[in-house]
């Protein structure tokens, strides 16, 4: 009950005209930079910190919250329209979303992503308001062995992105894992496969890989086939808006995505990518139209988008309750708090309830604002696809390189972008799935470092993986998910030959 | 279905094997190990072994001719786009600046997609990159590569 | 916003002119400050704070911050040394972490190639344990490390970084083999802090600021700080006061490119000297919670050289650097 009163009070703070204005500036800025790959909300908040120094703490933190949510929207818009995930968490959205856009269903894809984000953001923000103190106690108990087990679950589900040949899918995944080895080994400080190139020491940037494979690779592929297969984009085919059928197929994925995204986002090393993958593969398995996956299934947009936004709210759980910044953006918000002498953490709720509840309330406002701003824009966004093909792809490439130039203006980084573009082109030509490469790059290093941390703490005893209840449960889930499809297949088609 | 050996598939298998060898070689040159638990060599070993096995798998597919059919390929647009990116990288490395570099990429790509109106495309490219430049360097104080054109702004 | 910035400059220049203490040469300076890290981190914040203090106090006409992230500053310093040679208007923020990173990365570029200007801030390392830990003070921890270094797990930042070095030095002082410590590097402060709060590790080590709010809330116990004596405003004794001879600070400094003239070096040092004394800088330090540890000129040059030697010795004794 107390929380309700505080939240209501927070809402009165957040709807003060000045604060509404800050929230509006925030969501606009966030959306604007969110569309650029490589420039995320973290960078924006970092660049704005010195400017907002003179504002009052409440206003600027509310603005940061707007940027945070706005960035998520922007990232998925480009993922759907031009197959350029603005951030790694939008990759799953690009898989089905871009296929929908190319089939003239960009409108429903953008709509289900906007509404799904709103639904997920709202539910997750409620979760933040009411469950944060309980959730955080569980979150810090999640140790390295548990993260490793979570990665195992994620690895098993990657097969949803494999397409029809397991050998090809695994090849893609292992290319990603190999790329994940590049860089300094965090546990011993030695560099692996970096060959003395300083830009490789920090490992391969996920956005560089994703943008190279998806956007640059796609441009090359489409260009190389123009002489036989003229790609015709129709911005709208059928309805611009979601049909009744679309709604029916979207609402469950929204809720499931939220249920995956919020708790995993609240884990200190959970992140936003893993819940989006989990949601994608869950939707593929649960869908009544699994054959549509890979050709533009709306569930594959609705679920991951909801998971992405829910995890953004989840990230704020450890930030506000413990002062733990668990993402780059959260770290920037922490710096934002600190420049006003505020220390997020166990005492912040008690010391500055007005600020905390004002922030939570402004998350609701930012979320609503984004929905109101974005839905009418869907029609406009979709028209982008009507741009003549040469300019559209030229613009996409400018966009893709621009993100890299702004985030890290190094020729080596740009060469990697071009190199991954060529890789993406070749993989498309020889029909290897693209997504597992990115998944491998993200999951591989986390799985390795968490397992090694767990084994270091246990002095090399692997039993630690079974002794933790979280880990044991997750490993069981992974095992079932791994065996079940084979078992079902074996029963159904006894003599079928796997090829 | 015709079953003939796919040469490109065999090349892919060879490349995978080479990458596996590279990883193994790099792994064996690591000097330090973790004091407790698993060292830095375990993961590269797993990945290298996996790639080796997959190389065999890919080779078998190629020998059986199981690869999907491929269409004929037009190399010209690919060379144009990659050339555009190479020019962008060179311009940024040698101080040509953001606007010039981005314009070159824009023009090269649109030419790859069949545009022949060079001047119009240059104009569009310049305008787009100037707008982006002003937006980012002035409004967000982000430092983009500066060349002769940027100094005029 | 372009307008406000121009107005700010005009205001700043006007203030400077009225105050009249700024030499005309310095006021003309158009500085470029490189932060060899991504926006948001400590080095970036230092660079942007300098930018703010320098322009608002009118010490420099302009100050532009560039970010060159990567590998503990190894990417940034390489670019700085190669492209900035002889340029008297460039500065680069760096710190203790870079000293170690250059050694562990076997970087071809070293700090000896830069021109040291001044040390700006310092932060001391804090050792913490969960509130319910049987370890009550630094002596208990030293005894546990000595008894079996494997059983004491440390959570901190990157391998070979200041946290790791401090942990190894602690083991050495406690009479244990520093190469046998069970140090677990985490990426980013948040993850390490979660592991400590969750009781997954024995002890956490990082800058005091990372732990401050948890200590105040009673979730973590501070068992020692690596300053010479007890610090004002911090409840907890230094390691030295508890009989453990360990003093280490994570400092941040600025350096200039190689090959600048003595006059250029003098001009840069003067500007930074004045900035460090400015009202704007002191206010920023206070807002950010950074300790002023200003040191410039020959004293800083010597300090930097000494610290490089000392760090190399430590890293070799811990087994993080082979030669």
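As written, the chains take the letters A, B and C, and residue 1 is the first residue of each chain.
Just so it is clear, a contact is a pair of C-beta atoms (placed from the backbone, for glycine too) under 8 Å apart; a residue touches a chain by one contact, two chains touch by 3 or more.
Only a predicted model underlies this, so the values are computations on that prediction, with no experimental measurement involved.
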{"item": "Chain centroid nearest the full-protein CA centroid", "value": "A"}
{"item": "Of B-C and A-B, pair with higher C-beta contact tally", "value": "A-B"}
{"item": "For chain A paired with chain C, centre-to-centre distance based on mean C-alpha positions, whole Å", "value": "32"}
{"item": "Between chain A and chain B, centroid-to-centroid distance (C-alpha), Å", "value": "22"}
{"item": "Inter-chain centre distance, chain B versus chain C - centres from mean C-alpha coordinates, in Å", "value": "36"}
{"item": "Of all residues in chain C, the ones touching two or more other chains", "value": "1, 150, 182, 320"}
{"item": "Residue list for chain B, restricted to those that touch at least two other chains", "value": "31-32, 35-36, 141, 143"}
{"item": "Multi-chain contact residues (two or more partners), chain A", "value": "43, 47, 185, 187-190, 409, 456-457, 459"}
{"item": "Sites on chain B touched by chain C in the complex", "value": "31-32, 35-36, 138-139, 141, 143"}
{"item": "Of all residues in chain A, those that touch chain B in their complex", "value": "33, 39, 43-44, 47-48, 167, 170-171, 174-175, 177-178, 181, 185, 187-190, 192-193, 216, 219-220, 223-229, 389-391, 393-395, 397-398, 401-402, 405-406, 409, 411, 414-415, 417-418, 421-422, 425, 429-431, 444, 448, 451-452, 454-460, 499"}
{"item": "Footprint of chain B on chain C - complex, ascending", "value": "1-2, 64-67, 150, 179-182, 319-320, 322"}
{"item": "Complex contact set, residues of chain A against chain C", "value": "42-43, 45-47, 49-51, 53, 139-144, 184-191, 196, 198-199, 201-202, 268-269, 318, 322-326, 328, 330-332, 335, 338-341, 343-348, 407-410, 449, 453, 456-457, 459"}
{"item": "Chain B residues touching chain A - in the complex, by the definition given at the top", "value": "8-9, 12, 16, 19, 22-23, 26-27, 30-40, 42-44, 47, 50-51, 54, 57-58, 61, 66-68, 70-75, 77-78, 80-82, 84-86, 88-89, 92-93, 98, 102, 105-107, 109-115, 121, 124-125, 128-129, 132, 136, 140-145"}
